[in-house]
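In what comes next, chain A is part of two complexes: it sits with chain B in the first one and with chain C in the second one.
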Partner chain A sequence: MTVSKLKESHKLLAEYKYVPAKVDKGYTNKSLYVNLSGNKIKAKEVTAMMKEKFIGGRGFGLWYLWNAVTPQTKWNDPENEIIISPGPVAGITQYPGAGKSLVVTLSPNTQTVVDSNVGGYFGPLLKFSGWDALEVQGKAENDVVIFIDGSEGVVRVEEAPEEAVDSHLLAEQLTELYADCEEDKRNISVVSAGTAADNTMLGMLNFSFYDPRRKTVRLKQAGRGGIGTVLRDKKIKGIVVKFKGLKGNLNNPADFAKIVNTGVKLHKEINRLDDYQNRMRHNGTTFLAGIMNDYDLLPTCNFKFGSHPEGEKIAAPNWVKMFDAGKADGCWYGCTLACSKVVCGFELKTGPYKGQKVVVDGPEYETIAGVGSNCGIFDRDYILECNFYCDTYGIDTISFGTTTAFIMECYENGIINKEITGGLELNFGSKEAAMELLHQMARGEGFGKIAGLGIKRLKEIFVREYGADAGFLNDIGMEAKGLEYAEYVSKESLVQQAGFGLANKGPQHDEAWLIFMDMVNNQLPTFEDKAEALHYFPMFRTWLGLVGLCKLPWNDIVPESNKDTEEPAKIIEHVQNYVDLFNAVTGQNIDIDGMIRQSEGVYQFQRVFNLRMGFGTREYDKVPYRSMGPVTVEEYQSRQERYDGQLKELLGIDPEGKSTEEKIKLLRKYREEQYEKITDAVYERRGWTKNGVPKLETLQKFGMDFPELVELVKQHQ
Partner chain B sequence: MKKLVKNEKLCTACGACQRICSQTYFKEDNKEKSAIGIKAEDSGTTIIACSQCGECIDLCPAEAIYRDQKGVVRIKNSICVGCFSCVGFCPEGAMFYHGDYTEPFKCTACGLCVKECPSGAITIQG
Partner chain C sequence: MIKVNGREFPWEEGLTVKKLLQKKNYTFPSIVVKINDRTIAEDEYADALIEDGDDVKVIHLITGG
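Up next, the complex of A and B:
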């Protein structure tokens, strides 16, 4: 269907005209509210309180969602919202990684609040269109597109019956439809999901940007927590923003020169050092695959192992050969770390688009490990095809990978069989079956429909329907709080175990990616170092999501002098850059302590939000034992020397003459105690009770003593 | 290809080139706003000016940098988004910027500075 036909099929449901607010020191001071149930559109004031206590980005999302829902609200109730907010620093073009959007909703996976961050142009263009945040509530009757035109000052809700649902088609169609000409396409960004988001709980959001050199729409993902499923439940096909006239000073910052100087400093640093460090400009994030395999941290066969003899096949050099690498591969202007790699002209071998040559965004490390090694698959073409289909179907590659790996282990253990899977032989390494499972998820058919519920629900089904041993499934099912694990083997890293387990939204690396500094750089040797890291880094990383910045330019490039600093893990020069940027944009005068304090307030708020929704206590910080140590004899014996050594050195137990089962039990007791011990230490450090609830004085300390929060935590003191 | 050619041995670091450059393009006598840089050190003088190598062209995310018919690398300010990636990656350090402006600037081999140079240290080739 031609674009003009698509346009003709649109039916206007609501229109709102507005004069776009000018950005003042990073804020427009307005947010856009759209309710699809009654097609209401209005502007809201962003208050001084919001800016002071919640800063922006994820903070604004949490605040709006708190006010939109009740403790009884479910993810698929009309009251649930999707909030997209870029943060005050987002949209500057001078410093790498400054185009992030933060998305917040009630998650179908965790049943509580979740946040996910994403690149692409949507957040900055939304802000320059006059909005610090977009709040979407309610449900449409039929598929709609929300169109925000910041140049014309108009917001429309339009029924959009004819466009595709799958993102690679839809994002192209909507870009074409709303652009005035080829040159105008760069002024458009689309948020969309896909057909698997219609039929699974693992749906994600694609955020697009137009790539003028390759003349194609590129997609970045807000992957975690099933937000795409929420989008489609609201019958939203796409959210489109259009803004013309981008310049480098549209944030109207307090000190433009300071931003430019800070940005140029980092551009030069990347130019000088990237070739000798992670080679992000060449490899993207694929560089991690080889390192993780070398350090026994690459999830293999449902996190049983951390490396594989075939691991080399999916290491960076093999991807670089396939990339259509450019020099400007950023997902927002000015990101010279340029990790948004792409494979062009990839011919699909399966599925509805079989035979077509497509553009594949990525693969990123998490995708390689998730759909690849963790499923025992080391085939590059499979990984690319799976990457493409996950993206266009709107399904999170991490949750898909980790869920499929879990299913494969269940299949190999006879917990499920061919009859149950409808003929799919889902052994580790079965790429054809895994691909078919993905297509079934998109079609909402067969075993794919069940698999798309995610690990937490699958465990319940396997126990209830097939008599599986609940204890075993809880040990090997790599989910916590209902969210599937991101792709790092944390068995030998206590700090990463807790980094995953104590994360507010579930085991996602963006809150506490500590494995590299712990296991590769060996920067957290003592228990105290680890406990402190579990306070500082989640707070620091949360902050980046409050202001709209990417984490990669913080630690994927490191200044020469960093090794001589007091705490190399912090990369303090880059932290100072962020403080400088925040001050230069907003005109405020915070220091590094102030930055962490800003985060702590929001972090505490999110923890109480979990409590409000019926979670947020110690029992919900438990993790599957597979994330802590060897569950099975096979796992233990594969690293017997290491584990026997630990029994001797750490526990003073002679492993001689003991059965593997006995040794597993002894090691498990020790490791579980360690986890409890570090949980105690982190709770204490975060100002929480032994049950993981923020203390009243903690809320007061960070100015989060709103009456509703105080009332809630009082019940748990 | 039209470009500025330098003979640093002849340079006296008098700054005449920078004056005319900043006056012409920014209406100000300010060497910080000149598209030609002079570094005078004990070991000798360095002249920093664009060699028109074009490395910045593919680096620009907005496709705002192009080579004109005479081979001169130019910036289309109307679509430049002011990210200054080109500044950080210029092999010559010859892409300049100033906090007063949202776009970078560079030598376009206009030749005005050549006329001002008293020692013949710079010439235009091509």
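Up next, the complex of A and C:
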């Protein structure tokens, strides 16, 4: 169908005209509210309190969602919202990684609040269109597009019956439809999901940007927590923003020269050092695949192992050969780290687009490890095809990979069989079956429909319907709080086990990634050290999501002088850069302590939000034993020297003469006790009770003693 | 016996930093190596000898996946 036909099929449901607010020191001081149930559109004031206590980005999302829902609200109730907010620093073009948006909603996976960060142009263009945040509530009757035109000052809700649902088509169609000409396409960004988001709980959001050098729409993902499923439940096909006239100073910052100088310093550093460090400009995040395999951290066969003889096949050099290189690969203007790699002209072998040549954004490390090694698959073409289909179908590659790996282990253990899977032979390494499972998820058919429920619900089904051993499934089902694990083996790092387990939204590594500091460098010997790291790093990393910054330029490039600093792990020069940027944009005068303090307030608020939704206590911080240690004889014996050594050195137990099962039991008891101890230590450091609830004085300390929060935590003191 | 990041590791005659990194399979590109608190420059790895009983630190500068 032609673009003009698509346009003709649109039916205007609501229109709102406005004068776009100018950005002042990073904020427009307005947010846009759209309710699809009654087709209401209005502007809201962003208050001084919001800016002081919630900063922006994830903070604004949490605040708006808190006010939109009640403890009884479910993810698919009309009251649930999707909030997208870029943060005050987002949109500057002088410093790498400054175009992030944060998305917040009630998750179908965790049943509580979830946040996910994403690149692409949407957030900055939204802000320059006059909005610090977009808040979408309600449900449409039929598929709609929300169109925000920041140049014309108009917001429309339009019924959009004819466009595709899959993102690679839809984002192209909507970009074409709303652009005035080829040149105008770069002024447009589309948020969309896909057909698997219609039929699974694992839906994610694609955020687009137009790549003028390749003349194609590129996609970045807000992957975690099923936000794409929420988008489609609201019958939103796409959210489109359009803004013309992008310039480098549109944030109207307090000190533009400071931003320029800080940016120049990092650009030079990247230019000088990246080729000798992670080579992000060449490898993207694929560099991690080989490294993780070398250090026994690459999840293999549902996290049973951390390396594989075929791991080299999915290491960076093999991907670099496939990338369309030599063109700028930033997901926002000015990012010289340029890690958004792309494979062009990839011919699909399966599915509805079989035979077509497509652009594949990525693969990122998490995708390689999730859909690849963790499923026992080391075939690059499969990984690319799976990457493409996950993106266009709007399904999270991490949750798809970890869920499929779990299913494969269940299949190999006879918990499920071919009859149950409808003929799919889902052994580890079965790439054809895994691909078909993905297509079934998109079609909402067969075993794919069941698999798309995610691990938490699958465990319940396998126990109830097929008599599986609940204890075994809880040990090997790599989910916590209902969210599937991100792709790192945490068995040998207690700090990472807790980094995953104690994360507010579930086991995603964006809060804390401390495996090397703990396991390899051995820099965190005491529980006090561990708890301090599990306080500082999650708070610091949370802050990036409050202001609209990417974490990769923090630690994927390191200044020469860093090795001589007191705490090299913190990369303090880059942290100071961030403080300088924040101050230069907003005109405030915070220091690093102030930065952490900003985060702490929002972090405590999110913890209480979990409590409000019926979670947020110690029992919800439990993790599957597979994340702590070897569950099976096969796992133990594969690293027997290591585990026997630990029994001797740490427990003073001679492993000689003991069966593997006995040794597993002894090791398990020790490791589970360690996890409880680290939980206690972190709770104390974060100012929480033994049950993981923020103390009243903690809320008061961070200015989060709103009456509703106080009332809630009082019941749990 | 030497210590590598606080943990015991067998020493052998002629052990250099380069050999140690190979034995430990430490392939990450951004690391800082110290022998008894003396920083070893990368171009010295092949020649820098580790003596029995030395305290070696191999700090990987990676704190985020």
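Remarks
Convention: the second predicted complex is superposed on the first by the 704 of 717 C-alpha atoms of A that agree within 3 Å, B and C clash if a C-alpha of one lies under 4 Å from a C-alpha of the other, contacts with A are read in each partner's own complex, and residues count from 1 in each chain.
As a working rule, contacts are C-beta pairs under 8 Å (C-beta built on N, C-alpha and C of every residue); 3 or more make two chains touch, one makes a residue touch a chain.
Please read these numbers as outputs of a predicted model, since none were measured by experiment.
If you count the residues of chain A touched by chain B and by chain C, you find the higher number for C. In the superposition on chain A, A:Lys327 makes contact with chain B only, not with chain C. Shared-chain residue A:Val264: touches chain B; no touch with chain C. In the superposed model, A:Asn522 makes contact with chain C only, not with chain B. Judged by the touch definition given at the top, the superposed model places A:Asp294 against chain C, while chain B stays out of reach. Residues 276-278, 288, 290-291, 294-295, 365, 486, 488, 509, 513-517, 520-523, 525, 537, 541, 551-552, 554-556, 558, 562-564, 568-571 of chain A touch chain C in their complex.
Put simply, chain A touches chain B in their complex at residues 93-94, 186, 212-213, 246-249, 256-258, 260-261, 263-264, 266-268, 270-271, 326-328, 330, 333-336. Those residues of chain B that touch chain A in the shared complex are 58-63, 80-85, 87-89, 97-100, 102-103.
Those residues of chain C whose C-beta lies close enough to touch chain A in the complex are 5-7, 25-30, 32, 39, 57-65.
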